[in-house]
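Both complexes shown next keep subunit A, but they swap its partner, so subunit B is in the first and subunit C is in the second.
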Partner chain A sequence: MEALANNLQVLFQGLALGSIYALVALGFVLIIRATNVVNFAQGDFAMLGAYAMVLFLVGLPGNADLGIPGFETGVPYWLAIILSVVVMTLIGLAFNYGVYYPLRNRSFLPVLISTLGASIFLQNTILAIFNPQPRPLEKLLSSDGVTIGGVFLDSQYLVILVFTVCAVAFQYFFFEHTLLGKKLQATSQDKDMARLLGIPVALMIAITFIYSSVLGGMAGILIAPILFVSIGMGSIIALKAFAATIIGGFGDVAGAIVGGIIIGVIESFAAYYISVPYKDAYAFLALFLVLLFRPQGIFGEKVSEKA
Partner chain B sequence: MRRLSFSLVAAALLCIPALAADPIKIGLVNETTGPNAEAGSYTVNGTKLAVEEINAKGGILGRQIELRIEDNQSTNPGTVLAYSKLTGEGGITAIVGPIRSTQIQAASPTIQKGGIPALVGGTDPSLTKVNNPWIFRVRPNDSYSSRVIADFGVNSLQLKKWAIVHSTDAFGSGGMKALTTALQSYGVTPVLIQGYTNNSQDYTPIVLAIKKSGADILATYMTNSQDLGIFAKQLRQLGVGIPWVGSPSIVTDTAMKLAGPALFGTYAVADFTPGSGAEAKSFAEKYKAKYKLDADVYSSWAYDAIYVLKNAIESAKSTEPEKVRAAILAICGWKGVEGLYCFDKNGDGLHGYNVVRNENGRVTYLKHIDFKD
Partner chain C sequence: MNEAAVKNAAPARAQNNVAGLLVLALAAIALPLIPFVLPVSDYVLNIFMNSITYAMAVLGMVVVLGYTGQINLAQAAFFGFGAYAVALGTLTYGMHFWVSFALGLVVAAVAGLVLGLTTLRLGGHYLAMITISFQQIFDLIIVNWIDLTHGPDGIAGIEPPSLFGFHLTDKRAYLVFCAVVLYLLIWFVWWLPSTRLGRAMRAVRDNELAAETIGVHTLRTKVIAFTMSAVLGGIGGAFYAAGFSYISPDNFNFARSVEFLTMVLLGGAQSPFGAALGTVLLILLPEWLRFLKNIYLAIYGISVILIMVFMPEGIWGLLRNSWNKVRKPRPLAVESVPALALDIKLEHSTPMLKLENLQKHFGGLKAVDGIDLEVAPGTVHALIGPNGSGKTTSLNVVNGIYKPTAGKIALDGIDVTNLKPHDRAGLGMGRTFQNIRLFQSMTALENVMVGAQRENNPIESGREALTQRAMAALQFVGIADRAHIVVRSLPYGTQRLVEIARALAGYPKLLLLDEPGAGLNQSEKQELVGLLKRLRGHGLTIFLIDHDMGVVEKVSDKITVLNFGKKIAEGTPQDVLRHPDVIAAYLGEAPASGTA
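Moving on to the complex of A and B:
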């Protein structure tokens, strides 16, 4: 009985962390599909979302060296989330026009380097504005969680699971059943063809950046009460999320979600049954095995050359 | 004649800077950026507080201290580079930092080559036992922290079934090994030893293992405050309430802020405790007044390091590396904010720890345990 409860506990943690990887991986995939580029700043969107929450819930500590004044805020949690989503929208837009757009006609490498630069820039900007102290963030619900049959269900993890299911459902509906979603899909499949059909490609890509920025930001907002708000929080998640996109099938939406959850569950169980210090290794061992035996990923199609 | 007087003037001019008492340069290898930037900012605070105090009182031997801060980006290669840069530029009397054992290990050959005293804060016992005459430690090493943890748990709390949770980095593994050895001297073999890598996001498997082991006391060597915060919360959520004695990181300001009530009631060994003595109390007050933050170990060790250097340079009446080195080794019986300094032949300055308790978010001083050897 206790063994069952322990296994369920481990499964629950794995699913919840896997959901966070999945949300960030989803952001990766959408940008890969729209621009053929891996956005190395995807994890930093999560970090920015969490810091936006700190900004609205608590305030700014201020930095005398840079002449940034400190102030206190204290808006309600729900409003802080809405404001943070607005901030993430603006960041997505700025990212599109500042990091991607000027290089859109270049090969993928300059864009890749550009996103890497953006990642370093964002982390150090936040370091300068907020001090390097990691901060706690309140949970969305006032309850810490419930214990059912010896399994502790953290309320924040429950919120994460519910949000991920909703986000996936919304995404499915949006891409398959709305005109805008179909235009976005058309853009990601063939930009030239989309342009010929009168779809404003640049606008579609801007929307994609906004969407992945908000998605990444939400992942950060949701996980921050568990992992705390820190400059490096995004990089840790992004590495796993990136592995998830490869396991799922590079550029495949369903694959990103399944890949994220697979990684979360594998590392959770490997840590429980085999070894805690090497738990990261198991996630990447899974990645290695997928690359070896099914290089296109679980959901990926075999494409020899994308002409 | 003209030429002679010209040379005399030139010689006189060359001497002027020296006569005007050029500053004593002290380097600080610090984690200004990177994952440990938070701790690094406290170290800078503590160092600057000491330097400003000394300079305001006329400096050392009538010379002002000039602080040269070099960022190590919280990495090993960064530390090596920072040390090469500081030792290479010449004119630096001594270098303080860093506090991470693994970084000091990496920089040890560079420190040896540089040939100037390095005052470090890493607590891995082996750091001062590698025949490097230039490394001095201004914190008690982990063989003491682990001996104090073992002594307190076995003798004061009377508990014998130990679980040890440790980070797998140099600090965590070093602490775990030393604690296991210390426990053996009391005839205790831990029922669980569990490592984890820094920045793990989930500690459920560890908590479940502690539950399964039937341990009645938990000892930890954890490096990052985030990791500690997540672990502490999950430990309480899954209903583990056994006494917990931690390494100094569990009473840092940040760890206590992040974990909140999850750390209430825990014990820790601490090298810096405001309640442990008059020096510590006065430092904590000055620090709070200046930075609006509570002083912690990251600031206190660096503060002491600067004063250790001041004492050494003053008794050596020189900034020559060899003489300063001998003078540091001769310091015995000087009370800093971290405790009573008495350098042994290895270069270890402190030989004991305070035991403290987190009482509803306030660190209270319980006792000081010092060892002679």
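Moving on to the complex of A and C:
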């Protein structure tokens, strides 16, 4: 009985963690579909979202070397979230024009490397502004959680699950039932045709970057109370989210969500039953196996290059 | 007048080249000797040491990324294999330095081989991800397997090796030794592109599908590239460990891999000199940017983006491009080019190509739906049909790019149904593409040489024969005088000819042409018809697809017509083009009264 409760507890954590990966993976997939490029700074969007929360909820420590004064803030949690989303919108826009747009006509490799450069830049800028020390962040709800049948459900984990379900539902509605969503889909399927139909492709791609940035930022905001806010938090989330997109099927929206959740659950169980220090390795191991036996992923179709 | 000028200019340029090389060589010799002459601090010696050992690892990036076009974000892991092998081998297991060194290289090579094998199925982003995963797992292991690796504390007290009984304890002497090794490696990496393997690597980088189709074993090429890269990384790491006598996991993490990547991109991924330059610059940069303090790395991140935007070929690329502008292209003596031999010995006389009940389905779509076809030796056989009738799909199946759903393909009596495209090329199947697939950054000659170096090509071995064969093929299509021009800057019509020459150089038994007339103007089409007739005159068997009935009618001995994946007619041009089903397929059904 207790073993069952323990397993359910681990499963619950895995689902919540997996939801975070799924959110970041969704951002990955949207950018892949729109631009055919993997954004290696996607995880840093999560890190930036979390630091934006620190900025609005707590303040800045200040950095005398750079002449940045320290100050304290303390806006309400809901307002901090809104302000952070605004910040993420601006970052997404800047990212589009600074990192992707100048290289849009080149092959994937320069763009990929450019996003790696952006990742280094973002991490070290934040490092200079805040200090390297990881920071705690309070939970959204004041309650710690509830216990049902011997299984403790952490309030933040519940928040994550609820948000993810809502985000997925919203995204489905947005892409399938709004004109803007259809234009975004058209852009991702065939840029030239979309352009001929009068869809402003550059704007659509900018919107995609903004949306991905906000999605990543929300993932960071939600996971921050659990993980501590740190400079490197985004990198490891991004690697797992990217593994999720491959496991689910490269460029497949449903695949990203399922893949994220699979990785979260594997990681939780492996950490509980096998070894904690190596918990990050299991996601990669799962990835290796999928690539070996079903490289197109769960939902992906086999594609061959056209001659 | 012109010729005289050229003759005079050539030795002058050669002198310039020699002078330039001499200066470079002198600087290279002088640099590691500086510490013997001038008093330098340990700190400066360490910067030297760092540059030299990192440059070795960055050379590996030139091979894998610059030449072969495969992204590798695990170079620091290979660097780590070398370093930990030397550290653990000499200190924990008390082995000789060079034994540990060799073991480290073997381990790195095996890891590189395994990583290279994943490129069988994965390229691009997948490969980036796989190499990152590999790097992360390596990192986790060296941090957490404390019994073996001493974990985050690292390993101290690694001694430099001895050489021929001479112990390299003097840091300056060890430095000179490492510099010599580095120069040898630079020379090797510089020489590589002009070899068969090097050309194959660059072909894979520029157009993997075309490379595979004309006979390059692309998987093997990529695996070798990864293995070489890993070994170069391992060599760098081993000398790094002995040079600094202390190593810890943060020398070998993902950030270091990104640093290696940045170094090679900054310097110029296509050149070993560029790689060395980029390495030195990026090691010195933090020294120069010291005043920026902790925002240095942020600036570094921005410079990566700026390099990608403004210097796609790195600093060396900029230097070389401006040098190329000054330099005049050397005119070629095309009179001495031999005639192109095309009369290949056949195993079985008939038929050259035989398709039996060939099928290719994509899900529910039957693109090719049971075709039987025979191409007789020495004939030009055309495959025509309206758009979407399955022509290009048929060609892709014949050539091995697609696996058939069912059916059998035989080339010269040999069953090739289950062979890879490069193996089919090795048996004498040449091909061109509808949308030209050349190796854009290579010269016309190099493109054609890749075609000539297919397996079993019945020409003499050696570089000279290969060049001769390629020149003969270029001469045959009439563009030998442009052999040394980079394909990218040739006009469209000429590129088509390069592609045909590339296929011819491989001594094909059967030449597959996928819409050779597409995009050509009328006079170019006339020339194409002339070329195809000449090829037929040489007895070459050709199987071609084209839309242009004018071209098809003039050159074909036999025509097969496809519609909806099925054969609807076959025969001589005169018969087939008057066949009612063919007219119906192209122009729609005739009205009922017309058929009555």
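Please note the rule applied: the second predicted complex is superposed on the first by the 299 of 307 C-alpha atoms of A that agree within 3 Å, B and C clash if a C-alpha of one lies under 4 Å from a C-alpha of the other, contacts with A are read in each partner's own complex, and residues count from 1 in each chain.
Quick note on the criterion: a contact is a pair of C-beta atoms (placed from the backbone, for glycine too) under 8 Å apart; a residue touches a chain by one contact, two chains touch by 3 or more.
Just so it is clear, the model here is predicted, and its values are computed rather than measured.
Chemist: For the overlay on subunit A, clash or fit between subunit B and subunit C?
Modeler: Once subunit A is superposed (C-alpha atoms), there is a clash between subunit B and subunit C.
Chemist: Have a look at where A:17 lands relative to subunit B and subunit C in the superposition and call it first, second, both or neither.
Modeler: A:17 sits against subunit B, while subunit C stays out of touch.
Chemist: Spot which of subunit B and subunit C makes contact with more residues of subunit A, would you?
Modeler: If we count touched residues of subunit A for both partners, the winner is C.
Chemist: Using the touch definition from the top, say if A:26 reaches subunit B (first), subunit C (second), both or neither.
Modeler: Once the two structures are laid over each other on A, A:26 reaches no partner at all.
Chemist: A:99 contacts which: subunit B (first), subunit C (second), both, neither?
Modeler: So A:99 only meets subunit C here.
Chemist: In the superposed arrangement, does A:287 touch subunit B (first), subunit C (second), both or neither?
Modeler: Once the two structures are laid over each other on A, A:287 reaches subunit C alone.
Chemist: After superposition on the shared chain, which partner residues are touched by A:127: those of subunit B (first), subunit C (second), both, or neither?
Modeler: Touch partners of A:127: subunit B and subunit C.
Chemist: Counting only touches as set out at the top, which of subunit B and subunit C does A:243 meet: first, second, both, neither?
Modeler: Touch partner of A:243: subunit C, not subunit B.
Chemist: Is A:277 in contact with subunit B, with subunit C, with both, or with neither (first, second, both, neither)?
Modeler: After superposing on A, A:277 lies in contact with both subunit B and subunit C.
Chemist: Tell me the contact category for A:48 with respect to subunit B and subunit C: first, second, both or neither.
Modeler: A:48: touches no partner chain.
Chemist: Which positions of subunit A sit in both the subunit B and the subunit C interface?
Modeler: Residues 124, 127, 277, 280 of subunit A touch both subunit B and subunit C.
Chemist: Please give the residue numbers of subunit A that touch subunit B in the complex, ascending.
Modeler: Residues of subunit A touching subunit B: 6, 9-10, 13-14, 17, 124, 127, 131-136, 144-145, 147, 152, 154, 226-228, 230-232, 236-237, 267-268, 271-272, 276-277, 279-280.
Chemist: Taking the touch rule as given, give the residues of subunit A at its contact with subunit C in the complex, in rising order.
Modeler: For subunit A paired with subunit C, touching residues are 32, 38, 40, 63, 65-66, 98-99, 102-103, 106, 108-114, 116-125, 127-128, 235, 239, 242-243, 246, 250, 277-278, 280-281, 284, 287-288, 291, 295, 304-305, 307.
Chemist: Within the complex, which stretch of subunit B touches subunit A?
Modeler: On the subunit B side, the touching residues are 33, 35, 37-38, 40-41, 168, 194-197, 199-202, 204-206, 208-209, 212, 225-226, 229-230, 237-239, 254, 257-258, 260.
Chemist: In their shared complex, at which residues does subunit C touch subunit A?
Modeler: Touching subunit A: residues 69, 71, 118, 121-122, 124-126, 128-130, 132-133, 136-137, 140, 143-144, 209, 213, 254, 258, 261-262, 265, 293-298, 300-305, 307-309, 312, 392, 395-396, 399, 401-402, 433-434, 437, 514 of subunit C.
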